[in-house]
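What follows is a pair of complexes built around chain A, which joins chain B in one and chain C in the other.
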Partner chain A sequence: MKRTRKPGISRRSTLALMGTGAVTFAAPWVARAQAKTIKIGMPTILSGRVAQLGTSSRNAVMLEVEKVNAAGGLAGRQIEMVIRDSKGQPQEAARIARELVNTDGCEMLLDGEASSGSFAVHEVARDLGVLCIHTCSEASSLTADPKQHIPNAFRCVRQGIHDSIVGAGYAAGIAKAKGLKKWATCSPDYAYGRDTTGEFVLYLKKFAPDVEIISESWPKLFQPDYTEVVTKILQAKPQALYSCLWGGDLTSYIDQANIYAMFTQMEVFAVNMADYTALTVVKNLPKGIHSGDRYIKTFPPTPENAAWGDAYKAKYNEYPTNWSWQNATAVMFLNEAVKKAGSTDGKKVAEVLTGLTIKCPFGADGTVTMRADDHTLVGYAIGWGTTIPQEPYVPDVKAGDWKAIFELEAEWKKSKGYT
Partner chain B sequence: MILVDLDALASCLASPSCLVTQTTSGLIIGMLLFLVAVGLTLIFGVLKVVNFSHGAFYMFGAYFAMTAYQLTGSFALAILSGAAGTAILGLIFERVFMSRVYGRDVLMQLLVCYAFVLIFDDVVRMIWGPEFKSMGMPAAFQVPPLFIAGGVVPPYYLLLIGVALAAAAILGLGLARSRIGKVIRAAAQNPGMVSALGTNTGLIYGGVFALGGMLAGLAGALAAPVRSLTPGMGFSVLIESFIVTVIGGMGSILGALIGALLIGLIRSFGSLGFPLFTEGLMYLFMVIVLVSRPTGLFGKEVA
Partner chain C sequence: MTELQAGQSAQPLEVPRIDARPQRYRDVLIALVAFVLLALLPMLFGSKQLLDFVIRCAAYGLFATSLNLLVGYTGLISFGHGMFFGLGAYGFGLMMQKTGVPIPVAFVATLAMTLVVAVVIGAICVRLKEIYFAFVTLAFQMLIHSTILSWQSLTGGDQGLRGGIPRPSFLGIDLSNHLHLYITSCALLVIGLFLMRQIAQSPFGYTLRMIRDNATRASFIGIDVWRAKLVIFVLAALFAATGGMIMALFVSGAYPEFAYWTISGEGIFINMLGGVTTFLGPMVGTVLLLILNDTVTRLTEYHGIVLGVVILFFAIGLRKGLMDFVVEWFAQRRGEERG
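Presenting the complex of A and B:
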């Protein structure tokens, strides 16, 4: 008998095998999609100066994931979080994001990176097509710029432009009522500080045209001493001061400005003051600093929000941060979207997420929405108030008006050439 | 955006109130910097090692002070434990680790120091946590600032400048006049001879390192009520201390004092005249000194 075929593996089956292999390596999450648990990857910052960003994000995610798992998981699959430290380095964040998907088999990503890292993770999501929710980056361009838009990425974070509009509206009201015309600014010298301050001043002048900026200070990020900045501002004798310093820089600044009695000489507007990380750390918090809400359990003033803040504190022995509520909201969105889609398939979930409104303790009206046209979070609680040195720290927060935000945001987008 | 604002600078120089405020502000920045830099320069002068981990002692001083303040409520005890704690730490660090790399390759010394920068930061993170902390101003100093010739001067900063000046005076006189001071200077010149004459040089080295650490710790403790505490807080202070020692001359105590005060004044007046270039001004000054006097203003020529 004549053999027409050599023993062993045929060319056809070799090709088929290679093809399967290539597909498996190129898109391993497809091959592993049948696994019982669903892995969700999360690059975030767990060490270094802003480690609090990562730890409070992770805490909030775990708090919500436990609830979802206890209720049966995502479409019957238990969630397993794979959380890795990027040390705040964008290239490391991108490498980890890729590894989480390709090697660890994560089917979705929560991107807990600060602005610089989030753009890097965004490119990985674009490349791999994996469902990705940004949970910490407030840089407006991440979703406002149409060049960044991809169908599989969403941002579940407050946004710089929203904060500037609400903050400037609030500040303009006080400026008019108290006749504050001479203003000074003092913000950290990097993209966030410059952009946020620029936008705030732009809208402040729009709402209160009399306002004049008579002094600007741009201390370095993480500068230990602000004495020369404090005295410079005192020399300029402004009636009001705006600052978007944050975290340890803000608390240093307050301690140092306090002994110069700065807070009795001018109205101070510090957008990042009303966050527990800063509020609970400053020992001699001056009364009457105007601040935006970052996370505070008394705003929105609902039992749901208070209960969530208390539950977090009970579990982790500290209050949640601004990053905490954003990460918790991202898990809530995923849970609702998977329920609606009836599947954990990234594409189907992304379709449902687009334009989805869910009930949420952090919503201005009890709900938040993932806006369809730019995949970003809207309708969250946003407002300004003044501080007192003990709990509830900001007793009366004046809520921002989302209708006004939408109008001005649309104008802003047009002026930037985004629409 | 205002790049250069010479009008603001000129009008400040013409107004006594602004002069007083900015000068004290420069003195505060300068004196804290001096305490850190003088330890650095002392250790280099005697031990001939560049202690890259020096910033960690500043950090530990601040954390020790905060803890002591929280436990006892006494500000004096807080300052004392900041200084004493870092002195002990410095002694242990020198005897156990640094003494092994004397006379070795500079790269080796640098690697050991850098390793300890990371280790010390992690130790702080483990003990006190990664988030920033604040010690709070003692009640005695929570008073309105003084007005001197119309200039604003917080009382706490007067204390701070006084303590730092006292430390500088004790250190300068002690090294110049006392017997121990003479032995230290001799050990810096010729350790072999000092050892041959029956003096325990190991003890002197350990003592000098402890003293250097203590001064940095004192700076950290004094800064704790006004600066937030984080792991890694020593780093930026270390960079500025290096600038100070480069300007003043490695190994010179007077150089460290003058260098630190110059940096302080450059910062306080520079922020008025060159708001966007204050940092750059500091480096520019350093470059000018390096080009015109490579050994620093008070450094001795190295043979």
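Presenting the complex of A and C:
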């Protein structure tokens, strides 16, 4: 019989050897592929008039991402943030969001856009189906309007309607106590200013029916000179003034109104005053301006919140903004959701995010919730207080009641035809 | 000389007429080749970013080239051309959201609406000269921008048209498919450029150049300067609106920023980059600006400085746009070869 098998290494063993070799060489690659970083894209505004807010968003995100990465990352994958400037232009925001997902391989988006930009990114999320958390847009319609609803988008931001309900409740209490009947309003002339003021007045009249609005001013957004607005209000002689001016507009308004000693002549309710960007910039911050909390490290008055504010200040040498806590909260939500889902798959994470409650230093009761039915943040710390010219600026903040907010918000949604 | 001879010599002179047809065939050929090349791009490169880039080039390219019909060909420096870009985007978006008509109907209806607005605004503006024309167009642009901001119930104010633009399929074209949107944008770009080229090369186009160089002389030889300016103002508005519609489809919405003066500023910037003396200058400028924008914003957040330096280089260094420079350089080289 002829031996067919030749001495030496057989084909089988060669194959086995090659297989083993391949596995040995490939092992680190496979491991690396599994542990490969997860990219999260973030279009935000890093230039122009609101650049400070965009930068503070980036700072807060990086602060939290470092913590998550130090603790092992998202499901074992280190986070790599890809953050780009949209200049506040919606077409750029849309382009960048698409580029981040399609070209840079980002698996999730944090949308750090305000106003129109957030709606543009929302459309990208609708088109590409990528998991997206809005972190800066306060426009209620972004989540309240059912036409906007998509399963993969969430909003981790405070809302105009919540602020108005709490603010009006607080203001009505003071109006009744001090007998403030004649009111004036002064707000920026665009959708946010008109909507927020309208809602505030609606609820103020509901809580204190004898309030009367005797003067309305609508300065243009980014208007440099407020003289005519200030004199108009002074001539009307109201007992109280409501304003939802914000940022640089609010600080220049206060500086200019100070010249006319406006703040000694009436009670002023400025919802956006208690933000360090405004508090630290005003030249002579008047005592006793009523304001909602934007971000302040003394409210909620917990050690966790104070520690977070201090850690931010230590790292970036300035205090966080309202956009900062919202962005930080978004990263906390992602971290918790990925832990629960046990995966970084966008769809699974979105399912877990829906209705998720997490521990959070910015929660009214130490927790915040991503409400299931409209994918929006609720339960965050919200309240009003009065200013003093030095730290802590707003020493005593009166917390709003979330039960009352939910009731009135449901009514409001009905009146808008959203439910 | 007899009377008969005198009569013979009085026959009309034989004016050599340049036949425009060969040039038109050449343009058709170039347009077809350009379209085929663009259509082949997605097969050669799988990059979605490239498709996005070309779609944006189509939107801005149509806008900038139409602005050049005013700036370069007629000498009308419009600072408010962006209003028609915004009108196109809003008109189309609103039509699709509110009425649900087929896309081609909305397209034509938007053009019709832009035509009406452009006739009214143009009739007022084109009577004015130079800086007055520039400023009144800017004023109209800001008027339209403010209207968009304040007419919240219709336009959504500063938040823009929300909820996405519905895109029912028509003739087998489904614009919610990105590839279909890409091909449609390319087709609109090529057709738009071809039509604008025909306008620029027509006798009417040469009338415009004459008005630019000497409006008084033009009116003395019987040209109705006001009417010619109005016609080109309206035509340019229609192409700008087409650009706006492409942009609205790209971002699936319309935002007040589309009608803001910065868009007009970008148009002027593109024309400066690319050059206004050649037809394709603004298109080259568009590609340049978008490449610059996309790469610079990727690398640094101080993109303003980089873009500023580039425009300074073109304005002070070259003193002309890129295409002007290239064309002159070629002409010079050819001259040297002959000499």
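Assume the second predicted complex is superposed on the first by the 384 of 419 C-alpha atoms of A that agree within 3 Å, B and C clash if a C-alpha of one lies under 4 Å from a C-alpha of the other, contacts with A are read in each partner's own complex, and residues count from 1 in each chain.
In this section, a residue touches a chain if its C-beta (ideal position, glycine included) is under 8 Å from a C-beta of that chain, and two chains touch if they have at least 3 such contacts.
On a predicted model such as this, the values are computed, not experimentally measured, just so you know.
Bringing the complexes onto one copy of chain A puts chain B beside chain C with no clash. Contacts of A:Ile96 after superposition on the shared chain: chain C is touched, whereas chain B is not.
In the superposed model, A:Ala261 makes contact with chain B only, not with chain C. In the superposition on chain A, A:Leu234 makes contact with chain B only, not with chain C.
Of the two partner chains placed by the overlay, only chain B lies in contact with A:Thr277; chain C stays clear of it.
Once the two complexes are laid over each other on the shared chain, residue contacts for A:Ala139 go to chain C alone; chain B is not touched.
After overlaying the two complexes on the shared chain, residue contacts for A:Thr298 are found with neither chain B nor chain C.
In the superposition on chain A, contact of A:Asp127 is made with chain C only, not with chain B.
In the superposition on chain A, contact of A:Glu216 is made with chain B only, not with chain C. Of the two partner chains placed around the shared chain by superposition, chain B is the only one that A:Ser252 touches, whereas chain C remains out of contact. Between chain B and chain C the least C-alpha distance in the superposed model amounts to 5 Å. Residues 47 of chain A lie in contact with chain B in one complex and with chain C in the other. Contacts from chain A toward chain B in the complex involve residues 47-49, 51-52, 55, 216-218, 220, 222-225, 227-232, 234-235, 247-249, 251-252, 255-256, 258-261, 277, 281-284.
Residues of chain A that touch chain C in their complex: 46-47, 84-85, 87, 89-92, 94-96, 98-99, 102-103, 115-116, 119-120, 123, 126-127, 139, 141, 145, 147-148, 189-192, 194.
Contacts from chain B toward chain A in the complex involve residues 1-2, 8, 12, 18, 21-22, 25-26, 28-29, 32, 125, 130-137, 141-142, 144-145, 152, 154-157, 223, 225-233, 236-237, 267-268, 270-272, 275-276, 278-279.
Against chain A, the residues of chain C that register as touching in their complex are 47-49, 52, 56, 149-150, 152, 156-160, 162-164, 176, 247, 250-253, 255-258, 262, 294, 297-298, 301, 303-304.
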